[in-house]
Every structure is written in structure tokens, then in C-alpha cells.
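One structure is given below, represented as C-alpha cells, and several questions about it will come after.
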Amino acid sequence: MKKLNIGLVGYQFMGKAHANAYRQVSKFFADMEVEPVLKALCGRNEERVAAAAHKFGFESYETDYHALLARKDIDLIDVVTPGNSHAEIAVAAAKAGKMVICEKPLANTVPEAEAMVQAVKESGVPNAVCFNYRRVPAVALAKRMIAEGRLGKIYHFRGTYLQDWIVDPKMPLVWRLQGDIAGSGSHGDLNAHLIDTAHYLLGGITEVSGMLDTFIKQRPKLAASDDRLGGTASDEMGEVTVDDSSIFIARFDSGAVGTFEATRMAPGRKNYNRWEINGEKGSIVFNMERMNELEYYNAGDPADVRGFRVIQTTDNPHPYTANYWPVGHIIGYEHTFINFMHDVLGDFAAGRPTHPNFEDGLACQKVLDAVDRSSRNRAWETV
Amino acid sequence: MKKLNIGLVGYQFMGKAHANAYRQVSKFFADMEVEPVLKALCGRNEERVAAAAHKFGFESYETDYHALLARKDIDLIDVVTPGNSHAEIAVAAAKAGKMVICEKPLANTVPEAEAMVQAVKESGVPNAVCFNYRRVPAVALAKRMIAEGRLGKIYHFRGTYLQDWIVDPKMPLVWRLQGDIAGSGSHGDLNAHLIDTAHYLLGGITEVSGMLDTFIKQRPKLAASDDRLGGTASDEMGEVTVDDSSIFIARFDSGAVGTFEATRMAPGRKNYNRWEINGEKGSIVFNMERMNELEYYNAGDPADVRGFRVIQTTDNPHPYTANYWPVGHIIGYEHTFINFMHDVLGDFAAGRPTHPNFEDGLACQKVLDAVDRSSRNRAWETV
Amino acid sequence: MKKLNIGLVGYQFMGKAHANAYRQVSKFFADMEVEPVLKALCGRNEERVAAAAHKFGFESYETDYHALLARKDIDLIDVVTPGNSHAEIAVAAAKAGKMVICEKPLANTVPEAEAMVQAVKESGVPNAVCFNYRRVPAVALAKRMIAEGRLGKIYHFRGTYLQDWIVDPKMPLVWRLQGDIAGSGSHGDLNAHLIDTAHYLLGGITEVSGMLDTFIKQRPKLAASDDRLGGTASDEMGEVTVDDSSIFIARFDSGAVGTFEATRMAPGRKNYNRWEINGEKGSIVFNMERMNELEYYNAGDPADVRGFRVIQTTDNPHPYTANYWPVGHIIGYEHTFINFMHDVLGDFAAGRPTHPNFEDGLACQKVLDAVDRSSRNRAWETV
Amino acid sequence: MKKLNIGLVGYQFMGKAHANAYRQVSKFFADMEVEPVLKALCGRNEERVAAAAHKFGFESYETDYHALLARKDIDLIDVVTPGNSHAEIAVAAAKAGKMVICEKPLANTVPEAEAMVQAVKESGVPNAVCFNYRRVPAVALAKRMIAEGRLGKIYHFRGTYLQDWIVDPKMPLVWRLQGDIAGSGSHGDLNAHLIDTAHYLLGGITEVSGMLDTFIKQRPKLAASDDRLGGTASDEMGEVTVDDSSIFIARFDSGAVGTFEATRMAPGRKNYNRWEINGEKGSIVFNMERMNELEYYNAGDPADVRGFRVIQTTDNPHPYTANYWPVGHIIGYEHTFINFMHDVLGDFAAGRPTHPNFEDGLACQKVLDAVDRSSRNRAWETV
């Protein structure tokens, strides 16, 4: 099998998830045309990047992404750094002729995202943005059901992405709470996922009215971060420069209407990426906390036995799952990345267009931007 | 509309539930052929029976059931006393030519139950035993689905009836914990319901192997009871003379196998009368704590969208519910008695046989007895 | 016990629910100071009002509400007609010196609602608006928990009221779909409930941005209605003049933010009045389809055993429930009206202020109006 | 880090799961003292074992386990063949001085299991039996809670392990349905898991009364198997020589009572390994289909907010989970094996006793045997 040499930039939570996906994908999918090789990990702190490279199983490491891009033995650059460096690295990677994968959201601003799209167009390199939730089996099943018309005309999208990891005012100012690095808070981190899912399942969003809020305006500065979103606090306080919650209502090109709510201030909600779609023929509900399940109501069922059913998406006809374990033996969060890499690397190898690509990432960015404008202008904004 | 004069013997929890049913049934069901009249309430303590008669809306009261039976203006005797007086009163009522309804379990022993069946046969009076759970809409729907063959051949019945109201060792010795009055504990109180449901849905049980256990052997004697199962404790301790839990496995005449577990020692389970049936074509699950719902798995659904669905049994085609409120507006525990009275009084008025009747009550009693023997003999016992 | 003579205007779904509540309240609540008497039912169609009066148990009927108001033997007027006649009847009742209860929403417009508040103020009559969901035990428990500070500062209210009874385009134009009668659709029918709940639990809403939509613009005209929301269709088509869905985002006086979504176009949702509240110390979730339960997450629980718990609100310490059945024996939709009448009639009898009263109804109306303006003006509107 | 060379015998479903665990364990657990190396895979069919060795990432393969045992470069033998060869291979491995891990159930008979225990005792080699469900984070949390006394004295264990993959009579006679290979059906495959869990959490089982049943007595012979439990059918029919369901009731040494039910004939249940434990201070519920959750009822909670809570066991204080992903990002079935290998290889490396070991496997086997005797003798049997 042909080898595909990966250069991964970034090594925290997302670095761990992507590295695992590259390592595992050819162990589970028999139809891979290329075998990813963990060639080089890149990060600015040598001690830490060396340790991570060893832990994740990389053959080498670099401390400067320019050096990484200069290497002939690297085929694909995967950017999993904070949002403020996505554009710079991805554009450079495209110019260097590398295939490029970028974590979501694609960038911190629309102009950055546009530059990235421009760069991959000009260089013609395969590109993808890692909205991994498209590759949850239940989400892929939902897509198939909608495409087959099983829900009929769609009226409502109702998305909430709730977490609670910053409810405690003592939670320190990790980079995800710093606007100059992360771009935004729950907005770009969580609502971006909902927006991409809505684009994937319902098509384009045309206009929005929203509000971004920061409930806790000061937090302890960060002493040291861990690889699970958190870290330890210092004694000094700093300004929170991102939103705690991001809420908007929307109209779709199709005539459907939507509500979107992302917050990190919902006690008890851990990774509650839950959405519901109501169409003329039925409804579906997904919740990432129970990602192996899809709820489905078929209005066409006999009237005395209609009800929301819980589909365990681990059965043979479901997307991806036959590559893993028998029916009822669930997969986890990390498998969404494995599935993603299977599809994307397969498309790259075959020269097929892939989705979500940088243009999909830009489309998401434009909605994020419209909501931001709407929040500031206190008015509906077109995307 | 023809009046049907009710004489109710007993006025605690069950007296309240039956009185309410008589009061409400003709307000909701338009097809009633008779209108029950709360004619007389009977109890031995005059002060309390008078107060209850007033509260429930009875026209009069009696302190001796013989006096009640002697009244010409009473058409139907309803016995809701503790189990040790069911046989005596019901037999006398039958001999007095009254229609008779009796709370479950029919009696404390098989000979008592046999005498009751004998009495109603000889006098030819209409009779019923109040296994009210047959009249939960979801249970009646389950019956219809099974009768229509929607589950195919049935393999498994899996019943648990769990409560927790005696977990606290300080819970006093109410009459339900006294063997000479109640006959048994969770066995006759809770497992009797499961047995009747199993008989209703799957047919006869042929043999059983079981065990009855009393985990807490002494409790404070009762000072005063309330109408919600509990009461206040005295300082003196007494022996618990009934079982805390009743567990058995069973074979049905049909070839199906079953498990039955009743206990009052399951913290968090309040009225968890939950059973599951697995047949070749599907499964159904019921839980009395969510009595407006029936779970159903249809193995014949398309393979990619199979799953347990939660049917809200408040829709037009569901049993009983069109007589109450619009779809999604749930009914409660008390409505099972209203439905029961609708069916039974309708059958009585029309001269139709009704179910569950005293023979059904006897059939249940025989299973209870077989389990009791099995527990003592440590062997399988035939029913 | 003192009698309180009720004159009820209207006899469809709500008439049935209110009549039942008056009939039942003194059977369950031992502390009633007055006993409601079903004195007269009022409706314009003599044949139908006579039949309903008989069915519900009224002593008499009237076909003109002026005649009802003129009767000396009527103490309280309860208005359960469609919204377009609330103001006229209630104002007249107040002027006639009657106590007055009115179904929600209080009126079809703010000026109507203001006139009603004015009328009850001038005449000084006790008044209430029947936002019955405040009297769901779980909702009353939520109120108590918030009042006790168990959720701490509240950040989010997230309300959805979803139904599906008009998804079928063949569903006829019942009065609830006619703007001149109902005022609005899901907006005043469903979102009004969410708004009142939000007011009850979080306090005032200050500004809103929303959108009202009608997805199906023509439906068959109505041939005949039933008492369960539906009816039979004629061959002729007519215009739908109310909204199918009503969606808005909101800011509260307290600093909290909220989302509100009401629709009758959500297949599988029957009476899915579900809301979630997130505060600094915990979260609560309610769903009317499982109205006997309240979900609660206590962020203060030990870190290894935190989770959303399902409280069965049928236990002794819960509001209202000790008046009904033992723990775990659930109540239904109709009991919310019984509880409401218990509280309101008790307050009326004692001369205490009651809630929700006409001023509460007006406050809700103002939010409905602001959303309507926002939808038309495509801008945030202050309440 | 010290290397530990693994020789894995068997390469179907379990081979895949164990190989993955060896491959992944040191990528997630930072505290590993040894690093497992996929040295050799062993199977009798050269073509297939070679392919599997390549797919799983083994350095080499063998077609005769004697050759594998003779290799000096193999430190640990892991036996994942069908049950009828466990004893032969494991005994030989022990005699060859290899560490040995064996899939569950340990053997097909008690004498076989005894010989295995004897062999590892005599040779003194570290040994473990792969009851992987002990290493589900939720199960390990349950163990900790019980050990800390949070449930108090335990009264009930209620286990069901339900699947549906053989409900279709056309499902072919895979090896798991052949008694001479598998030993038993749902009994040793599924009830063995429940028994081990019960032993782990409640201690020893002393006596049992049970019944084994085969509902479908003939099935098509197998043409070819897959790695997900199934296969393709031939035209010829054969006898099913294992049980379809295995049900028993039990008494524990501690005084607790238990019910155990395993079946492969429950439509809709995919991997429904669900058990509930009721103790004097609370209850816990686990369901493998939602393995990232543990339900817990704390009877000591304030009376108005008691309820079963759903603990998402992905939080920092939970067993194992801090090694994977942030809170709310779930793990899957395969991680139970990774956790198992972490613990067992750690114990092996440190010279600590590990659990579950061969003696634990024997204890389980004795219960399976007692149930089998009970089913044939129709009587209680002591273990």
C-alpha cells in the first residue's frame, strides 16, 4: 500500500486525536488506498513536542513549521494549532504544494478563511477542514435519510451545543478563552460545529439574528495547561476576551428556520451537541453524548405505534460501523476522526473532491461572522 | 341513564381510588349504560368511615358489612379491605345476590379464592377482580398488538415490580407488613400484578421456581396509618411476617419462559412495575412510572432505522385515551380505575362476561401459591 | 363548607378541563375553605351547551353570557372561550362584580389585556389567568428550588413547546388556526405558556428578537370540530391566518438570556413543553410529556457522582402530590387544573392576592406583542 | 521502556480487540512500565492468519501454537480461541513458563478450568482471564462506590444480558452455536459476564436455580464466518447444540439475592448487558449499550430532590477516563480491553497479583456449572 507521510502541527487535545486517527485508520478500514505514516510532529516548545512525538508514535519532530514544510518527505500538513495560526500555516502549506487538513473553525476571521481558500485554489492542493462530526455514524445516517427524502420537506433545525467546563469562575484563562488566540469562545468552538452540521444536512443559511454574551468577565490567568481543555490557575486575574455563550436564530435558503445555541455555562452538559430536525414526514434527534444513537420519528408509521425510536447505529447497514465491532459494541469520540481520515485520505488519494473542504470551512466562517455582526448591530444580518 | 348503586367496603388508599373512579367514569365515557351512584361506604370505625364517606361523596355509610348487604338499595358490593377479609365479605355479597368487585389479590389463600369463585358461580352474580393495570392504555395496546400477532411467537417475559417504601428500617409495621392481614408482602401485592399481566398477555404459567425473602425482620409497630401506604411508628418493635422480596422463574404453557421479581427494597424505584416481552417479530416494554408510554421494537422495520420507539399512548387510536384529553396530555394512575370501571360496569350492565373476574383472580392465586411452595420446598412446583 | 357558585363560559377542551377541576378539587384537598359548585354553563348553541352541561355535571345552562352575569347565584365567572371574546366577557364580569378567571393567553392584544386589568382594578374583583402549568408539581418544585437559591445565579432559559397536530396539510382550519378568533397560532397558544413560565421562574423579559412563520398557508375549511383540538375537513380551502411557528431570543432583566421556540410542526412531539434552566450551581429540565418528573443537576454533588437526576415528583415533600396517591403513582394533565383551582380559590376565599392574575397575563401579552413587532420589523424590540 | 512480546492465539473478533488493545495501551497511558509488542499471531489457517497478522500489525505469525510456545522471543501468550481449546493452550503456555491471558469464559468445563488453575499455580506464571467489563469506567466506579460503602448493605443484584443476533431462524450455525466448540451459548458467553460482574461487586454466589433453553433447535450450517459474530448460511440444516437463553436465580454469601438472565433472542437488544444493584443506601444501574454512563440513586439525598442520576463517567475523577479525551467525549467498547491490558500488564510487570485471574475464571465456571446442573436436575444446586 502506498504511504502518505503526515506532518502534524500542534500536539495538544486535537493533536492527540488526529495522531490517533492516522495510526488507527488502516487497522480498521480494509479499503484504504494509502497508509498514513506519522512522519513528523511540529511544535514550538522542543521539550514538549519531542515528548508528544514519542508518545503519539511520530518518527521525528520539528520546532518550526517552515522547516516542516521544507521537508520533501512530508506529503500532508495537518494544522491543529489554535485558530490564530491556521491561516498562516495552511496558506504556506498550500504554497509549498502539500495536501492540507485544518482543524475547525477554519480561521478566526472571514478574510483569513478567504485567503486560505484562495491559496488552495491557486496551488490546487487537496484540502479539508476537520468538522469531524460529519463522520459520526449517526450523523452520516441522518444525512442519508434526508437525502433519500425520508423526512420530506424540512421545517426546523434546533441545535444546542452545551458544555459546562467554564461554569466555575476559578477555571483559568486557557487559550480557548483568549480572543487573540481562539478568535471567539463558544461561538467558533461549538456553534461552528452546529453551523457545519446544519449546512451539511439542510443547506445554506441566509440570514441570522444573534447575541454573544460573556457572563464571567474576569478569570485567573493560566499557569499551565493540560491536554483535556483545562489547566492550573495563577494568582493573577485577566480579562475574558471571548464569549461564554453564542445564540442565534436563522433562516435557511430552503425556507426552513433554525435556532442555534452554544454555551459553556450549562452545568451537567458535558458535550451536549444535540440537534433536532423536524420535516413533514418525520423528525430526527442527535446528541453527541450518546453519539452511537440516532432518534427517529417516522410520521408514516401505523398511527397506533408511532414514536421516537432510538436507533443504535452499530448495525451492519450503518455508515462506518461494520469496520469496527459487532452490533451493540459502541465506538467513541476518537472514531469520528478515524472515519474522517478514512474518507478524506481516500478522496485525496483518488483525486476526488472531498467535503468538508476549505470552502465549506469558509461558508461556516461567514455565518459565524454574520452572527457576530448581528450581535453588535442588534439586527438581522445576511450571511 | 340507569343508576347502579355502589356499596364500597374499605376507605383507605384503594377506597379513595375506587370511589374516584365511580365518580368520574360517566363524566368521561359517553357510552356508559349505567351511572354508578356512591350510595354507601362501609368501615368498622364510625368516625373515620363517616369522614371518608363525606370526603369521597357517598350518600351514606355503614359500620357493619352485613348491614350493607342487607340494604335493598345496594346493587354492587366493592371490597377494598385488606386481603384477610376479602373471602368472607365477597362470599356473603354473592350469597346476597349482589354484583361484586374485589381488590387484588383476590384472597390470601387458594382455598379462600376457590370459595369465592364457588360462591359467584352458585349465585350467578357478575364479578370482577381489580387488576387495574390491565386497563392502562399502554397495557391494553400491548394486548392488542400481541393478539394481532405483531410480536409473533413469544419467547420471554421479564417482569420486575420494584418499590422502595420499606427500605428504611424505621418504616413501621403497617398492615401490609402483617401476614395475618395482608397474607404476604411484595408477593401478593406486587408480584400478583405481574402474574396477572403475564396471564393476560402470554397465557397460563405452568411451573415455577422461586424464593421469598425478608431482609428486615423486625420493625416498629404502627401507631397510626395514613392513606398513602405509610404511617407513624410506635416505640415497640414487632416481627415482620411477610416477605420483602418475591422472586421466581417460570415456564408458560406456550413454551415461553419468564422471570418475576417483586421487592419493596429497591431505593429509587417508586412504582417500577416494568416488564419486557421478547417475541420473534419484536419486543415491547412497559413501565408503570411512565404509564403513558409503551416501548416497541419492530424487527420488521428497515434495517437501518430499527430501534425501540417510545409510543405516547395518548393518540386517537389508543385504547381509552380519546375519552380524556388531546394527544400528549397525559393521564395518571387513577384513570386505570376509571377505565376498569367503564369496562366492568359496561359488561355487568350488558350481561357480558368480564375479565379479570374471580376465576382470573384464582388463577393468579394459584401461581402465588406455587411460588410460595417452591420457596419452602426449594424445588420447581407445578401451578 | 362555604359554597362558591361557578359560571363557566365555554365548553370545549378547556371547558371540560375546568369543569373537572371544580368537581374534583374538594375531593382531594382537605384544606379547601370553599367548595365550588357547578352552577351554570354558558354557550351560544343551546343544544350543545345543554349536552355539555349535563355531561360535566352543571346544574343549569345559559346561552347568553349577559344572562349569566345577571344571575345573583353566580359568584365566579370563568372564561374559557376563544381569545377574541376574553376581554369582552371578562370586563363585563368584572363590572358585574364577579370574581373572574380567564383562560390563557389573557387576550388577543395588549389593549384588550390592558382593558381587562383596568376593569378588575376598578371593580376590585379577585382575578386569575389560567396558566395552569405553574401548578405542575415539578414546575412548582422548580420555583421553590430557584427561590431557595439552589441554582444560584441563572444564565440560561431554553424553552421549546413542540406539537405536531397540524403537520398534516389536510388538518382543517379549526378556530385555533383562524387569526380573527385565536389571535395567533403557536405564538399565543404555546409560546405564551413558555413566557409565563419564564416570568414565573426568572422574572421579567426586557427585549426580544423573533420570527413568526406559517409554513402551510392554505388548509381545508372546517366542517365540524371535536373536543380534542381536531375536527373534520370540508372540501373548500381557506387561508391560514396564524403562525405555525413562533421563535425568539430574549434578554431578561436579571442578565440571563433565553431562547423560545413554539411550533405545531414537529412530528413526534405531542405536548413537548420542555425547558431547561442553567444556573451557576446547577440545571433543571422539565418536559410536560413526562410532567411527573423534574431533571436536576447539582454541580455541588461529589465530583465522581454528579449527573442529571430524574426526580419523580410524587413524593411527600413535593408540591400538591400528597393530596393524591402514594409515591410513584402519577397524576396527569387534568390535575394541573385541580391544583390551580385549589390555590386560586383558596386565595380568593382568603382575600389574598393570587398569581398568575390579570397583571401577569398582561405581562405575558406584552412579550407576545414585542415578538410580533420584532418579527415584522426585523429588529430587537423592547417589551 | 521495557518491551513485552505478545503471542496472540486467535484472530477473529476477540483477536482484533486484543491486538488493538496492545497497540493502543501505551499511547494513552503514561504510566506503563512495559510496552507490549505485537510479536506473533497464531492460527491454523496460514492464509488467514498471515492476512490478520498484517492487518493487526504483528511482526510475524505461526500456524501451530506449539511453535509459538517454543519461541524464546515471546513473553506472554494470549488465548482468544473458542472455548474448547482454552485449556490445552493455556496449560501448555503455563508449562512453557509464559505469562498467560485467556479470553472468557476460562474454559468449557470446571475440570478444564481447574487444570488451568493448577497449571499456572505450579508454574507460577502471571495469569489473567479477560472479563473486560470489569474495566469499563462505570463498572470500576461502581466497584469503588460499593467498596466505600456508599450503597450500604446490598439486597439485590438484577442482571440481564440480552442480544438479538440469532432471533432470525436463518442465522447460521456459527461456532458460537456449536456446543462442542463453544461449550454453551448465551450461558457461557453472556451469563459468564454477569456472573463475573456479580462476583466482582457482591462477592460469592452460593446456590442457584436455573433453566437453559433452546428455542430454535435447527439452523442452517455455516458456509463462511465474518469477524462480527455472523456469517453466511449453507443449504444444509444442523442441530443447535447450545442454549439460546440461560436464566437463574441465586443467593449470595452476603445474604443478597440475584436474578440472572442471558438470551440472544431479545429483538432490539444489541449488547444489553444491564444490571441493577439495590442496597440500603442507594441503587446503581449499568447498561453496556450506554457504557459511558452509570445511573445512581442516593437515598441520602434531600428528600425533595432524590432521583436516579445519570453519571457521565468521563470526568476527571472517574477511573481510566483522564487518559483519553476531555469530559463528555466518550470512549467505546475497545477501550475496555485497553484498560484491561493497562491494569493486567502493569500488575504482571510489577509482580503484583492481578484480577480477574484464572481463579476468578474458575469461580465463574463453577457457577455456570451449577446452573447447568440445576437446569437438568430441576433443583437448587450449591456452587
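Lettered A, B, C and D in written order, each chain numbered from 1.
The criterion applied here is as follows: a contact is a pair of C-beta atoms (placed from the backbone, for glycine too) under 8 Å apart; a residue touches a chain by one contact, two chains touch by 3 or more.
Note that this is a predicted model, so its numbers are computed, not measured.
Chemist: Based on CA centres, what chain would you say lies at the far end from chain A?
Modeler: Using the mean of the C-alpha atoms as each chain's centre, the farthest one from chain A is B.
Chemist: Decide which interface, A-D or A-B, involves more C-beta pairs in contact, and give its chain pair.
Modeler: Pair with more contacting C-beta pairs, A-B versus A-D: A-D.
Chemist: Quick one: report the Å distance separating chain B from chain D, using the average Cα coordinate of each chain.
Modeler: Taking the mean C-alpha position of each chain, the two centres sit 41 Å apart.
Chemist: Taking the mean of the CA coordinates per chain, how far is chain A from chain D in Å?
Modeler: Roughly 35 Å, centre to centre.
Chemist: Where the centres are mean C-alpha positions, what is the separation of chain A from chain B, in Å?
Modeler: About 54 Å, centre to centre.
Chemist: If a residue has to touch 2 or more other chains to count, which residues of chain A qualify?
Modeler: 269, 297, 306-308, 312, 315-316
Chemist: Which of the residues in chain C end up touching chain A in this complex?
Modeler: Checking each residue of chain C against chain A gives 155-156, 158, 160, 162, 164, 167, 209-211, 213, 215, 244-245, 247-249, 251, 255, 257, 259, 261, 263, 265-269, 276, 278-283, 297, 299, 306-308, 378-380.
Chemist: Quick check on the complex: what are the chain A residues that touch chain D?
Modeler: 13, 17, 20, 23-24, 27, 30, 55-57, 163, 165, 228-229, 269-272, 288-292, 312, 314-316, 322, 324-335
Chemist: Would you tell me which residues of chain C are touching chain D in their complex?
Modeler: 141, 144-145, 293, 295-298, 301, 303-312, 315-318
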